[in-house]
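One structure coming up, written as structure tokens, with questions to follow.
Note that the chains take the letters A, B, C and D in the order they are written out, and that residue 1 is the start of every chain.
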């Protein structure tokens, strides 16, 4: 009884699969080696067909598979696509739905928005759409981007603590030159803050940039590289090593640094929904939603949740894919705080997301269908990134309202059952 | 000087944008309301065109936008797609690249694999491809799924502590009936563990399921609903409220519960790469990679990273999109632990990911291009989910090796510059 | 402006203190070496005087200092004290106050308790006393110890993943022998669970013990050592290394493992306080306390607090010192969850502390004044540890009520001012 | 099997103790009420005796208990002690040991130090003493306080987001007046930074102070109260509520804010220990310690440790009690990062503690035996707080070296066995 049941169960599963004798062999290295692919940076219809020839020969993929991915339109645009990907073999078609018009009363986003969402999870669009309907019926959500900064955090390792301290002193006295070196590489990026963090012999420089209307991850990498090269050439306090990124920035992963101080754009959004709307559209009461809110807050705390919210990731992943953002950033963006409160005869709901990474220019935003996603939003091109971030936060607000309503009304499972299973 | 510079800067930005007088108005609710969309659950070419008519009329979207999204193939398959999405308006085309053959010596995945990756981030496929090349040249990575469980965590709120305790007692004495109620809803799901967690008057039941070859999030929702309905009907210790999900399970978000005890499939993978391969293919040395590893581990700790790794999210997001997985799960999956060590004249690198959520059946895996993604992997259909999870982990291993090599060689910025900017 | 002000300020402070030239010298190693103390395990009045002779000669300590620490009573009991400390030189006198009678309606602690608190922080005893008064006036707090387990977590490192897996298999098949080996070392300790956690080539065994009425940290160390020696001798799957504690157990530090699964004794306690009592004794209203509670919960979340509470540490440190517990365990014990809710015409307040480490026997509990502390509680000797844990939790409940009341009433600063400064 | 064993076991324990019928009664409120103590703020020998009269009558405490706590010296100094505690009944005598001379090469602490440690845990002083011996034999540890700031974080709640934003704008434009209001209350405290953090309608002001040579928690409370009163009177943007502390500051609890940005004094310390010393004094090798270090780092990560270290709490609690610091601050201080590395024919070990809360003046430092503790250190009175913080960090360094040596040598359990059990 002393061994947890799940451990026993897993061992039985494995024993059923492989004997003790074979497990060692099976996990050991292979002697032979298949012919590796060469990286194709510039694709053509020909290069795509060549890759498929090999895939068809050596994998389980079928003619239909090739047709589904390497469709004529994708082949035609192979060269354009290959600016965004290597070893291009076509495109994956992700279903796109739309919700709206969603009323947003933001500092940057102001008006009625249709929001495109790319997902293959049934019920997701319906759920966010229901939330959007409720928010809009209540007069819309207020929203504000309250800070912005993309981080790069190079690390410098010294002989010891004394040198590390002297290095920080040097950095502080040469900050203008560092800023100049970094900003020389970019028209849009501004290095707005350098904060040194010391751990004995190691110094991390927390470099915060604004990046104009791009998400900006490449921009800050290139700028920081230039800054580091300048430091390396000029500082009399020579590091034993330096690295352009000390794994401190939270790039593509959840960190408390990002939660606390923001990475990318920090946005807060809220709405007050009258009791009558809650009853009519969510089939539940404010009281019951607040009861659920208490449990949900406790669940977030007890499970060690990073932030406290219900499912920002669903909305953000769908929006990021639909508008050509970096879907990997969901790992850092999908966190923050949802709050509930009874107020003014209604229920106040707010969300705050400190790490929204979006751009209205650059990266995948220029691809045809992704650009179209931005077009539906009316947020294509320069001057729209802050508004896009506000839309992202309000979208999450809609999702929170809808899921909490479903939980409170006891309809969460039914919704999934109906939309995901039975049709 | 007492106010941080970034706060001052943000305020200047906002003051430039809106005056104090307008900010209150701008953030207030709107009086009028645009006509909301009705949810379309079953799409046809006609329903798609109807939606576009409205989008074209009321948004900045163009004819080209419509064409990019609502292409003929998408229109033809509208009904099929609409099993996975509401308000269907077409598809987003995400560029797909391929790497491999990647040698995997896993318990479930064994052999050479081509891995499809969907992304619009230049350099990503090249970077993972480089890692795959290195791993394969070293004889492949060993890998094992070491546990599996998808969680649902209903919550029950009682009058007080005494009732909560008596309820747990009742649950423990009726566990077989609860298991039966849950499992009656599903052919593939098994309820393998129920762990009560008490916080005074509130009890969460941590229900862990195995879900066959599906990712299983809907399956466990429906099963748990049935279990809760059974409890509600049978228990003499009546809760004041109950909710099917107490926001404890970590569904679509990072939690320490998931990190510690696993959610979805937990996989570990590793490889030993000889010094000569490091020199030839990464243009750096083991010594230098280990130096970087120390800094990266420190950066992870100091920044409060959730886990300790470099960029699992990049590989996972690309693989999830390419194979029809739920991209929102990147929020919980993209975490774990990367380790480095000098061993046997080479460098040992391992990754452990406790929360991989993938299925080889169900959800988006049946869509044409996503099914094709699984076809390329040779992991389409029943019996392949564990292998798919092992592939996901080895893919992350490849990405870690490649990025750490680039950091150590000082090529991280150059790679981005060359692949993302200059072509 | 790019460098944060606090960094500049610190550098100025350091520059004012030391020049660049001296900083390197100052931080470098010293050539000479003073004569080290030899460890004295068995103290006598003579050994104490000998140590003081040296301290008086080589430090700034005065005759009065020696008298304050090496008082006659401490000298007389030197040998007895030295069973608990090495290099004994006397005792530190920590002021002791008392609160109560505190009404507790617990599973194990039941009745009216006077609680001794050792602290030098003015206002602390008064604040906890006020909370105790309120709780008692409301009929007392309910409380229950809901789990108990002290962890040791040995680690075993293998050649690779295959061996690690086979080792777990061996452990599971030999669990009875392991349990026997561990329990042979102790009359009171029981090894109730062994949970293996694998990270590629490394296996941690999470060994949970019950420890009777002792806090039990030494007991589980000795038992686990015996278990590991048995494993080392018997397992055919030989580890490359093993260590008795893999820094996984959370001993003397905060971990999410402890928060989630409990370490030591997990206790939950609560009370409902009527509105009239709140008004009369806290000079505020339930409404206002709930308003504060919302802000306090948000502050806990946004600051990345480990748990969500106000100041458990104050009560626990004072109780631990007063009753001979290990004060270092405050680092792990002082965490958990405080909740507030309007209920039944009053305010429901609960606390849950998953990591209370206390014993009614063993360790410092046998020292004269510490034993007296337990005597005041009526919880000296065998059979009282669970009750002591319940008292600890209710004490924290009193502290939470009092501080939240002070915050709500706007009296927090005044209390400190009056009690700590002006007398 | 589906219910974890430890849950079943606990339920059996409870069922054995109480029946279902009695559990409800037992946890319910009591009708009667014992006579509460009145708070005694100014103690005399008489007031102490009066309290003991009641304790002797109503509790299990004996004459010997009273004598152990209310000894003549404590009675004589009752009034002086009662400036630090209410309801004074005597003193708890905590055993005091001493280690040293410990060589410290710090910016502020420089020379050989004897360090007093108050604890009842056998082996603790011996273990830290062994580490100190090793550090001193290696020429001493370098150390530097690298930042200082004590936080208070008042919270202001507004009608909505717009008002919250306008409030921040007002604060930023009136920062000098706020600073003046705060600093008018204190000679030593300086308000060095105000950072607003916004979550929709709620604004926290992160106020960082330097506090001279005091730990400073009361000082910053009183200053912040004055600042808030000033704000409340002057700001045209009226909050719905405000509270002097929004539970954001990390006072007496572990937070990521403190870990990341420091609370109290942040200190880093390190030493390089030659291989020969490791062999001679720790009976192990650098190789083996590094092997342990890898496992310990992994254990810290996998268990969700807050920081990554072995047992800072042991040294800090013993030092805090010995020198009149606030022992409750162990909850926040006992965290940080320990690092290991092979370097220059030896092993480099460093510790970084971001949250050391110590003062050389104020609070418990003026009590006779606690003042004597500072006297032994040579750090009594003004101008010594920074040095005291550096001593605290080096002490932790000694403890880390000793315990890692014991783990590597396989002596951890033996040490406990020998020192704690058998004498």
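Basically, a residue touches a chain if its C-beta (ideal position, glycine included) is under 8 Å from a C-beta of that chain, and two chains touch if they have at least 3 such contacts.
Nothing here was measured: the structure is a model prediction, and the numbers come from that model.
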Which of B-D and B-C has more C-beta pairs touching across its chains: B-D
Copies chain A and chain B touch via same or different residues, half shared test: same
Gap in Å, rounded to a whole number, between the CA centres of chain C and chain B: 37
Distance between the centres, which are taken as Cα means, of chain B and chain A, whole angstrom: 11
Where chain B and chain D are represented by their mean Cα positions, the distance between them in whole Å: 39
In chain D, residues with contacts to at least two other chains: 2, 4-5, 7, 14, 23, 26-28, 142-144, 146, 160-162, 165, 192-193, 199, 256-257, 259-260, 297-298, 302-304, 307, 337, 339
Parts of chain A lying in touch with chain C, wherever the complex brings them together: 2-4, 7-8, 11, 14-15, 20, 23-24, 26-28, 160-163, 165-166, 168-169, 171-172, 175, 179, 191-196, 256, 259-260, 294, 297-298, 301-304, 307-308, 337, 339, 341
Of all residues in chain B, those that touch chain C in their complex: 1-2, 4-5, 142-144, 146, 160-162, 165, 198-201, 256-257, 259-261, 268-270, 304, 337, 339, 348, 350, 352
